[in-house]
Amino acid sequence: MLTTVGTTLGELVKRLGGELIGNPDLVVSGIAPLDQADSASITFLSNPKLRKQAAATLAAAMIVKPGDAQFLQEQAQGAFAVTLIVADNPYAYYARAAQWFEQLRRLPLAAGIHPTASVDPAAQVAATATIGPLVCIEANAVIGEYARIDAGCFIGRGATIGDHAHFHANVSWHHDCHIGQRAIVYSGAVIGGEGFGFANDAGVWLKIPQTGRVVIGNDVEIGGNTTIDRGALSDTIIEDGVKLDNQIQIGHNCHIGAHTAMAGCVGVAGSARIGKHCTFGGAAMVLGHLTIADNVHISSGSMVSRSILEAGQYTGFYPLAKNADWEKSAAIVRNLDSLRDKVRALEKTINALNSAQNESNHD
Amino acid sequence: MLTTVGTTLGELVKRLGGELIGNPDLVVSGIAPLDQADSASITFLSNPKLRKQAAATLAAAMIVKPGDAQFLQEQAQGAFAVTLIVADNPYAYYARAAQWFEQLRRLPLAAGIHPTASVDPAAQVAATATIGPLVCIEANAVIGEYARIDAGCFIGRGATIGDHAHFHANVSWHHDCHIGQRAIVYSGAVIGGEGFGFANDAGVWLKIPQTGRVVIGNDVEIGGNTTIDRGALSDTIIEDGVKLDNQIQIGHNCHIGAHTAMAGCVGVAGSARIGKHCTFGGAAMVLGHLTIADNVHISSGSMVSRSILEAGQYTGFYPLAKNADWEKSAAIVRNLDSLRDKVRALEKTINALNSAQNESNHD
Amino acid sequence: MLTTVGTTLGELVKRLGGELIGNPDLVVSGIAPLDQADSASITFLSNPKLRKQAAATLAAAMIVKPGDAQFLQEQAQGAFAVTLIVADNPYAYYARAAQWFEQLRRLPLAAGIHPTASVDPAAQVAATATIGPLVCIEANAVIGEYARIDAGCFIGRGATIGDHAHFHANVSWHHDCHIGQRAIVYSGAVIGGEGFGFANDAGVWLKIPQTGRVVIGNDVEIGGNTTIDRGALSDTIIEDGVKLDNQIQIGHNCHIGAHTAMAGCVGVAGSARIGKHCTFGGAAMVLGHLTIADNVHISSGSMVSRSILEAGQYTGFYPLAKNADWEKSAAIVRNLDSLRDKVRALEKTINALNSAQNESNHD
């Protein structure tokens, strides 16, 4: 684990809530998993299967659910030596505590524009923003308060970047696209490229200019090398709190509802409309012009080829097998209709046999 | 919709063809879908299912097929108020009109090399080309007339970029690779990286240097974060008019025929030879060393594991289902050979029964 | 083929081993495939199916297995005119010879830092390293001897890059991440972005700061636009000799064993532990927290959803078919349990029929 400047448990609870059982003056300097934590660390127990591991932890303190706190103290017959922070959602508490440690550890940033950056005089960069080396910001772009744009980023004309946004190195952010406050955009992301729109004229593809934008809400995170295309006539929309992992592709005119999360390598074709609080496993794909309801969960590697109007978990990938076994099952899948036809023929024969036998029995 | 400097319908028809039914002096300033167009817009009807919507449009003018023009006028008993442009392919006409509006709207570009760019003295940059901030152009690279290379691009030594090409920000274009006229390359694309070629020597991979190039024709579009590897000994070839969406991977020594289009996240392994006028849905994959004929269409999410020598539409992805239903079907797929064996056993039993009954009937 | 400064066969064999049958003073200037080689080239025969093609080659020299050498000379009745280099693994010999030609051909690089690069005074750049135009190197980064960092790369604070590493243009290498000697990293790769770690708190995602690093061994190759996330609490680890193709995604806290190779578009979710000497075909996916043994080979397009503890080849993708045929098989797959239930019902009926007939036969 990375150590850091410490904080007392009392200060942590004052800041993040929860009930402290133990010494508020104890200093912890970082967070570690149950099995790696030492006497300078706080750890957490969110999976009840790990109760036994938790009972043996060397951590100074542990974030636990009320039920787990009771269990641990009973196990130790009231002598459990680890200070406890009791919270309803220890994993969320861990996230907040880790953010706090991160903030303590963060190096101070000098506001201002690096001398090697190329910033158009007509761009508006907040005085509190930090623009890194070799950044290019075009005319009329607006960079918010305390925003941080790292080395090599490109911000197109008229783009607007919210307060406290952090763009990692080498992001390409195209003209007129917007993102809200506290955005995090990772390296190599490309936002606002032109969507894949063509008309076919006698076998030749004619480009349809893409004149919409990408408009993104607050608290959105965009992974490394993810691409989001601008709309054709209207805008591509990403609502608040959406989290996109690396190498995701979002086509033109998609609309993604608030707090939906997508794991790496997901692809969404153009004009798909996805609800709020959905999750997509890695490499899931969504065809264009589909509608997906709120609270839909798509398993990894699954292809969504029809709209989904009912919440729930959906899956569709071919089960893995030893190659020889797959060869067998794939050959049958290829000819499944002949297997089905055989079963139908058997049904007929048996019905005939049955009738014949019944007749013969009634003879 | 984005408004723009206007154009008269007469000028539009003079430039793009089609039959004008209505006022040639009417000025339109942009294009919008049927349901969003207003009296300053032109719209289009290409899908006959939208005829009713078309009849109610507020647009100033509409691009229509001859049959639809007749329908609309009959519906309105000859009093259809919207000016019509009659064309055989309204969607292609829309694309061309949108390109024209785009051209009217385009900001003038100053030719020349931005002072923060690093251009080798031995590079040849046309006097009409525009080289953006923080671009790197190596020795002996050639940049064509009116080409535009946006911020942060890298153009390797000896590369040749055709006239009127537009490279968006942060493209990586490696040494000796060529692209023709009117190319559009989006941000983050990597062209001419070394292919994935290794010889295995007792468990250790030995790199095989990749000494071919990538050679690309005219009117090609390459999406954001797409990668095309240079050939091992000979070249990777992309013919004229090919359109590649975002995050596509093309392996070394592939050959892609003219006017083939691939949607996002497609992968093509090395030495595949793909015909002309093919289309690939999103995330389709093609194994290496395969041949695919002209006019083959691969559905999204499908794996091409054998050569395809006949034109047509091909598909192969596991159908999506509620997770519980998928669990059931996947378990059966895993053991499909035992289901098939059961059916075979049933056939035998029934044949035996049949014979027995026939015998007994003949008793 | 690209020609180059020549080398004698005697020098080649002295350098790379193998038995020379023919003239050691013969000069060759490059390598070409059997059917393209000319009298200035050396070629190789590694696939016994190509023996006939080999017999007709125009190459000056050929790398062959002992058995193939014998075959060719017998065929030509002792008069085979092509000089032979006999080696146990001609393909590996070809790789080494090609590396040697590549080295002869390589342009000399001037060591030093390009004046447009932005290198923090607290970075340590070896005097023999070459830092290209518009590179950004942050404080405390260490660049090894003879390393080459091409245009537009970003190297974060505290990162360490081994001797003889070559970073192609526009790589993003984040703070504190390490790579060993002779690394090759292609354009657009993003190493050390923050992993996709969130806790869900009443529907809202809370970011979990990712405080681990990415730690990579020697002789590793990382493809264009590949992304490798840093660990959450501990590190993401890539061992020696791993080869990653383009557009691969490696999640946080993965551990990839030595000499494992992955083809393009592979995705590996977080905390997967993959063995040594494994191979992954293009677009294979691995779910998180799985364990994969040494010497496991995953076919292209396959989803690994369970741990694999036994070496071997594994596959799982839906077989491609003409779309109409796929529609049929997919419809049956969707309802496979009803087909299975029918078979079960038939079994029952037949058992009953059998019993009835037996009884009737015993009447």
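Labels A, B and C are assigned to the chains in the order they are written; within every chain, residues are numbered from 1.
Keep in mind that, in the parts below, a residue touches a chain if its C-beta (ideal position, glycine included) is under 8 Å from a C-beta of that chain, and two chains touch if they have at least 3 such contacts.
Computed from a predicted structure; not experimentally measured.
Engineer: Any idea what the CA-fit rotation angle from chain A to chain C is, to the nearest 5 degrees?
Structural biologist: 120
Engineer: Do chain B and chain C face each other with the same patch, meaning over half of the contact numbers show up on both, or with different patches?
Structural biologist: different
Engineer: What whole-number Å value describes the gap between the mean CA coordinates of chain B and chain C?
Structural biologist: Here the centre of chain C sits 27 Å away from the centre of chain B.
Engineer: Two or more other chains in contact with one residue: find those residues in chain B.
Structural biologist: Correct list: 116, 134, 152, 170, 188, 225, 247, 265, 283, 317-319, 321, 333, 339, 343, 346, 350, 353, 357, 360.
Engineer: Along chain B, where are the residues that touch chain A in the complex?
Structural biologist: 1-2, 31-33, 36, 89, 91-92, 94-96, 98-99, 101-102, 114, 116, 132-134, 150-152, 168-170, 184, 186-188, 221, 223-225, 241, 243, 245-247, 259, 261, 263-265, 277, 281-283, 300-301, 317-323, 326-327, 330-331, 333-337, 339-340, 343, 346-347, 350, 353-354, 357, 360-361
Engineer: Touching residues of chain A toward chain B in the complex: what are they?
Structural biologist: Spelled out, the residues of chain A in touch with chain B are 116, 118, 134, 136, 152, 154, 156, 170, 172, 174, 188, 190, 193-194, 196, 198-201, 203-209, 211, 225, 227, 229, 233-234, 247, 249, 251, 265, 267, 269, 283, 285, 287, 298-299, 302-306, 312-319, 321, 325, 328-329, 332-333, 339, 342-343, 346, 349-350, 353, 356-357, 360.
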